[in-house]
Every structure is written in C-alpha cells, then in structure tokens.
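Common to both upcoming complexes is subunit A, partnered first by subunit B, then by subunit C.
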Partner chain A sequence: MKSIYITICLFLCVTFTYGQEKFLTKQGEVSFFSSTPIEDIKAENHQVLSIIDTKDGSLAIAILMKSFMFEKSLMQEHFNENYVESDTYPKAIFKGKIKDFNSLNLNTNEVVITGDITIHGVTKSIETKAKLIKTADSLLLNGTFTIQIADFDISIPSVVANNIAENLNIDFKLNHNPYNK
Partner chain B sequence: MNKKTKFIVLGSVLILTFIMVLLVVIYNKPHTNVANSKADITLTAQTILNDFENDENNANAKYLEQIVEISGTISTLSINDNKGIIALKNEGSLGTVMCHLTPEETIKFKNLYTGKPVIIKGICTGYLMDVILVKCIIK
Partner chain C sequence: MRNLLTLFVLFTITSKTMAQDLLNILESEAPKTKNYTSATFKGTRILNGHSIELRKKGVTEFVISHRFGRVNLGIDELYGLDQSNIRFALEKGITDNLMVGLGRSSFEKTYDGFLKYKLIKQRSNKNSTPISATVFGSVAYRSIKDFDPLDKPTFNQKLTYFTQLMIARKFSPELSLQIMPSYTYRNLVKTNDDPHGIAAIGFGGRAKISKRMALNAEYHYTINPLKSIDTTNSLALGLEIETGGHVFQIILSNSITMIEKSFITESTDNFFEGDIHLGFNISRAFQGKKKNKNHN
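The block that comes next holds the complex of A and B.
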C-alpha cells in the first residue's frame, strides 16, 4: 500500500516539474519581408506556436502558412496557391536548440539557435543569432534571419520574378510563458 | 490620317486602358469581408475540434480557408496587441478553438465573460494544438 502512495507522489512530482520545464506561446509573431525596386511585400503571422524546453534549451516552432496575412489579398492567394502550396504543405516547422541555454542569466542574452527548418516540404539546417530576454516567468525570443526562396524548391514565375526578392528577411518575436496544463 | 488608322489608334488606346484598369482592379482585389459573407460551414466547437483531433489531413481539406461559424462556450479571454483572442472550450480535449478577433470586434469584449455561450464567425487557418480562426467577428 505504501509503495502505491510513494509511486503516486513520485508521479505527481515528476508531472509537476515537467509542467514547469516547458515554456510556450500560441501567439508568437513571425513576419517576412521582401523588398524589390518594384514593390515591397510583407506578411505577418500572429498565431505561431513555439515551445522551449528549459531542461536542455530545445526549441520547437510550428507555423500555419495560411495564417500569414498580406496587405493585398492577391499576394496572399499567390503565396498560398502557387508558391508555398499550403494545401499540400500547411505548416512550416522548426526544430532546434538554443545553444548553452543552461548558462543563461536573467536578463538580456545574445544566443545562437541552430536547427532544421522545414518549409514547402524541404528541410534545411540553419544557424542564427537571436536575443533572449529571460525573466522568472517569461522567455522572449527575438531575432531576424534570411532565407533563400530557391533553397525551398519554390519557383517564382519569370513574369513576377522582379517583384519578389530572392532572399527573404524573417523576423520573429516569441514571448513564451510557463505551460500549465 | 485617314479614317481607318484613326479607328485603329482609338481602338487600341481603348483596349489598353481597359486592360490597365482590369489589372489594377485585380491587383487591388479586397480581402474577404467575414462580416458580410455567408458562412461556408456552421458547426459547434466540439465538432470541429473532434474532426481535427481525429484526422488532421481530412479536416484541413474540409475547413482550411473556409468561413466557419462556430458556437461554443468561452473558456478564456485575452488581448494581445489590441486584438482580442477568445478560446472556446471543449470537454474532453486538450485543445480549444482559438478565435483571433479583428481590432474593431475587440470592442465587444466588455460584454463577454468566461462561460458565456457565443457564436463566432471567422476563417479557419489550421490546427496547432488548437483550431485557429482568424479575422473573427462575434455574432
């Protein structure tokens, strides 16, 4: 009988600490920007899911392609139907790690993130710098990186090739809070 | 200039102008106005959550980019960047239906409270632990 109580206690302890180790946001912001002499294109997504495991600093991000909002509905339509083919590939995924996460202190830190990003069914390794502002109950991850459209097997028709930059700047702002089930 | 050339020149100018206007209209095509559009699918929070939890691919094919009208009970209310977010709960699932409101609709927040039944119309963009709706309005 005693052993059952001990098991239950241990289980509760484990789940309790488990809950404290994950930081999460469901309203992360990711936006990208393409600038050419002809036009600027910007799209914003405010429904990004991001999870940091504070045990080892691993980071997982999931993005719905259809949640990117453009200024012009035609751009949004082309983006979804012709470029990222969001019916076939509805999500972009990042899986990686924040380097030396356990040695970070409370305050602003410059961190390096490494991992694999999957867009349009194509996976690429990336490494980028970011800013991590750490408080007792939040982890704010902020930064910018660049991707090449061609790397992700996305073909831009020559008619609009001059309107869309070959490299996109991607901004992210992910404000994580402790995850309580 | 004879009559024939005049006719051709005038004709081409008219056609070109028409094409230009058409292109500008297409380029500036407005976004779907959720408030003025009829819902493609009307259902409960429970149903849409079950559909996504059971078979995400199937549910994606059915709901993505559709205007859905969902009835449910408010589980949480929050405001992020002047935009309100309403989560509709479902007994027995971990996820919720997360409805992201337009800034204009967020004004209606003062009449809302946890536990209140509501009907929300928005565009479904997919499933990430929760079913996500954007550009939502409260009916």
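The block that comes next holds the complex of A and C.
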C-alpha cells in the first residue's frame, strides 16, 4: 500500500515538474522578406505561438497565416487568397527539436533546430541554426532561415513572377516565458 | 517490483503525451480571433453592378469599362465592336468600410459619384455572422445637350439618384451569392406615365472555376419599369480573371451602360434574341505605403 502512495506521489511530482518545464509565447515574431529588383515585400506576424519543452528541447510553433501584416492591404489579400490559401490552410506549423538542448550551459548558445515545417499543406524537413538566450525566466530563440516557395506547392503567376523572389528569408524571434497551466 | 513497473509505465505514458501534446497546448492557448471572410467577390463589381466588396483604406483603383454594340449586328458592324460605350472612374477606399468613386460614362455623357459603406462583415469563429452587407448610394448627372434649347432642364432635373442594399454570403471558397434590392429616383421623367421611383431586385453570384478565374452572373428584375420605353431586365454573364493587381472581367450582357440607374431601369435589349453586348471591366489598383500597426 505504501509503495502505491510512493508511486502516485512520484507520478504527481513528474507531472508537476513537466508543467514547470515548458516555456511558451503567444507573441512570437515571425517575418518574411522577399527582395527583387522590382519590389520588396515584407510581412510581419506578432502573434506566433511557440512552446519549448525543456525536458528534451522539443519545440512546436503555430503561425496563423491571416495574422501576417503587409504594408499593402492588396498584397495581404493576395497572399491569403491566392498564395497560401488561408481558408484551406489556416496555419503554418513547425514541430521539431533543439539539438542537444540538455547540454547547453551558457547564457547565449548557438543551437541547431531540426524538424518538420508545414506550410500550405506541404511538409518539409528543415535544419537551421539559431541563437538561444537563456535567463531565469525566459528562453529567447532567434534566427533566420530560407525557404523556397516552390517547395510548398505555391505557384506564382508569370505576370508577377518578377516581383516575387523564389526564396524567402524568414526571421523569427520567439521569447518564451514559463508556462503554467 | 510491480510498483516499479507501474511507475515506469506511467512515466512513459506521461512523457509520450507531453511530446505530442505541445501542439495541442498551442491550440488551446491560441487566442480566439474573429476570422473575417475575405474575397466574397474579387472585385468591387459583380459584372455590371457593385458587389459587397470595397477597396481597403488608401487603395485607389482606376476602372475602365467598355460595352460594345450588339453582337447580332453582324459583320457590317464587326459584331458590335464598331460601337462602344465607355466609363472610366477613379474609386478610392477612405477607410476599410467606406469607399467613394467618381466616374464618367460616354452614354448620355453622364457623370456619376457614389458612396459605398460596409455595414456587416461575414465572419466565423468568435461571434460568427453568416452574411456581409453593404449600402450603396449614387447620383448621376446627365450632361448630354439633347434637349430643346427653349426647354432647358435645370441642374436638378438632370439628376438621378440610386440606392441599393447588398447582402452576400460566401458559402464556400468556390461559391458566393448576393441579393440586392434597389431603388432609382429620377427628378425628371420623359412622360407622365413614367414612374419617378423604380424599385428593382437583383441577384448575383460568383463561382470559382480555378485559382484565378471565376464565372459570374448578375440579374436585375425591375418591379415597376419605365413606360415610355420598352425596357428589359438586365442580365449579365461573365468570366473574371485575376492577375496580381488587376481584375479583368469579360462580360456578355443585354445592357449597354455601366451605371446602376441606367442598366437596371433603361436596358432595352433582349438577351435571348441575341441582343448581347460584349464588354469588359478592367481595374488597376494603386496603393500608397501604409504602416499597419494593427496586429489583430
């Protein structure tokens, strides 16, 4: 009987610790940039959700496509309606891991993130470098990576092909705070 | 030993769930935002008449519309292409819900000005609303000098007012439908039999056939038509092609004009007897740079 108590107690401890070990942000920033000689296009999203499980460095990110803000409202409409088709694919999702998360001891660490990114219903594996800055109550993850638009089955009509770059640079800045349920 | 096993099992289950549940946590933490339906129609016109759509704040659109002569005029008139009516206009979004426009039509040398205001926006998620609604009001000034010099109409007598309520719903990404009752008021009528005010009800729709193409249709039923001319109800069928900043519409219609008071109450051709006019609407949108600090 006593051992059952111990078991339950341990189980609760484990769950409890997990609760403390997650870091979340609801105001993560993700922006992308397309540059061509004709036109520069930039869009920012300040409502990115991201969560890190510090037990093993698992990372999940959810980006609502309609929350990308463009300088020109027409671009935003075209982005949602024609390119990423936000009504059908409302979110971009990343699911992956920060490599060797448990062996990071510095305040500022160069880390490698690997995982699967899903945009426009198409999933690709990616690996990118990022900077992880740890403080007592925050985990700041930032970096840049590049994606090819064509990889995600997004077609650009020939009329505007010269206005939109084939590769997009994506910047992310995710400042996580402890997550308590 | 058995307890150790239980502990191990529980531990495994817990950690498994944790890894998989990260996305579920994000799902549950996601703020409930209002999800407005976008692009019920692609342009501000279904074909002849307006759709519930407005241009966004700061966007100026230059609209050129043409309607050629009747295709059943035959080869002598190059199937109507020798005759042409044109309207060009500048239309601008003042706010995201208010739009103004100024246009000039070659038919009866008419100037028109309009105001368009979005009342209701269709949305899903939080406080979902099943429809969008827009009100439209315009004034047309007929400037053609076809009157007897001794019987010169006053400025007011050359004016016609038009008002319309548009209600639309995007049923799916492929299908949008609109219903639009309207009322036209003429300050001056040709004969005493003609009503000053004319009520009509219109129906319109857009069916997407590919990513950037749609088939549109629009019909207006006139309840109390003019008596001095033999009028017909306006029907239009068209193909809409969208390319970047342009919306291009190719139209077949029995109406020859492009402003509401005119095509709804003054059309005289019969679509089903071949009195069909080929036409097109083309618009080019321009936008000054806008700093959008509203992240909702």
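Keep this in mind: the second predicted complex is superposed on the first by the 166 of 181 C-alpha atoms of A that agree within 3 Å, B and C clash if a C-alpha of one lies under 4 Å from a C-alpha of the other, contacts with A are read in each partner's own complex, and residues count from 1 in each chain.
Heads up, the rule we're going with is that a residue touches a chain if its C-beta (ideal position, glycine included) is under 8 Å from a C-beta of that chain, and two chains touch if they have at least 3 such contacts.
In this text the structure is predicted, and so the values were computed from the model without any measurement.
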Combined model on subunit A: subunit C and subunit B, fit or clash: clash
Which superposed partner A:146 touches (first subunit B, second subunit C, both, neither): neither
Touching partner for A:177 - first (subunit B), second (subunit C), both, neither: neither
Contacts of A:87 with subunit B and subunit C, given as first, second, both or neither: both
Partner chain in contact with A:67 - subunit B first, subunit C second, else both or neither: both
Subunit B versus subunit C as contact partner of A:47, first or second or both or neither: both
Subunit C versus subunit B, contacts on subunit A by residue: C
Touching partner for A:162 - first (subunit B), second (subunit C), both, neither: neither
Colliding region between subunit C and subunit B, picked from 3-11, 57-65 or 75-83 after the shared-chain fit: 57-65
Residues on subunit A lying within both footprints (that of subunit B and that of subunit C): 26, 46-47, 49, 62, 64, 66-67, 69, 72-74, 80, 86-87
Residues of subunit A defined as touching subunit B within the complex: 26-27, 46-47, 49, 62, 64, 66-67, 69, 72-74, 76, 80, 86-87, 90-91, 181
Parts of subunit C lying in touch with subunit A, wherever the complex brings them together: 3, 6-7, 10-11, 14-15, 18-19, 22-23, 25-27, 29-31, 33, 35, 38-39, 56-59, 96, 173, 211-212, 242-245, 285, 287, 289-292, 294-295
Subunit B residues touching subunit A - in the complex, by the definition given at the top: 26-32, 60-61, 64-65, 80-81, 83, 85, 94, 98, 100, 125-126, 128-130, 132, 134
Complex contacts: residues of subunit A adjacent to subunit C: 3-4, 6-7, 10-11, 14-15, 18, 22, 24, 26, 46-47, 49-51, 53, 55-56, 58-62, 64, 66-67, 69-74, 77-78, 80-82, 85-88, 93, 95, 155, 157, 159-160, 163, 179
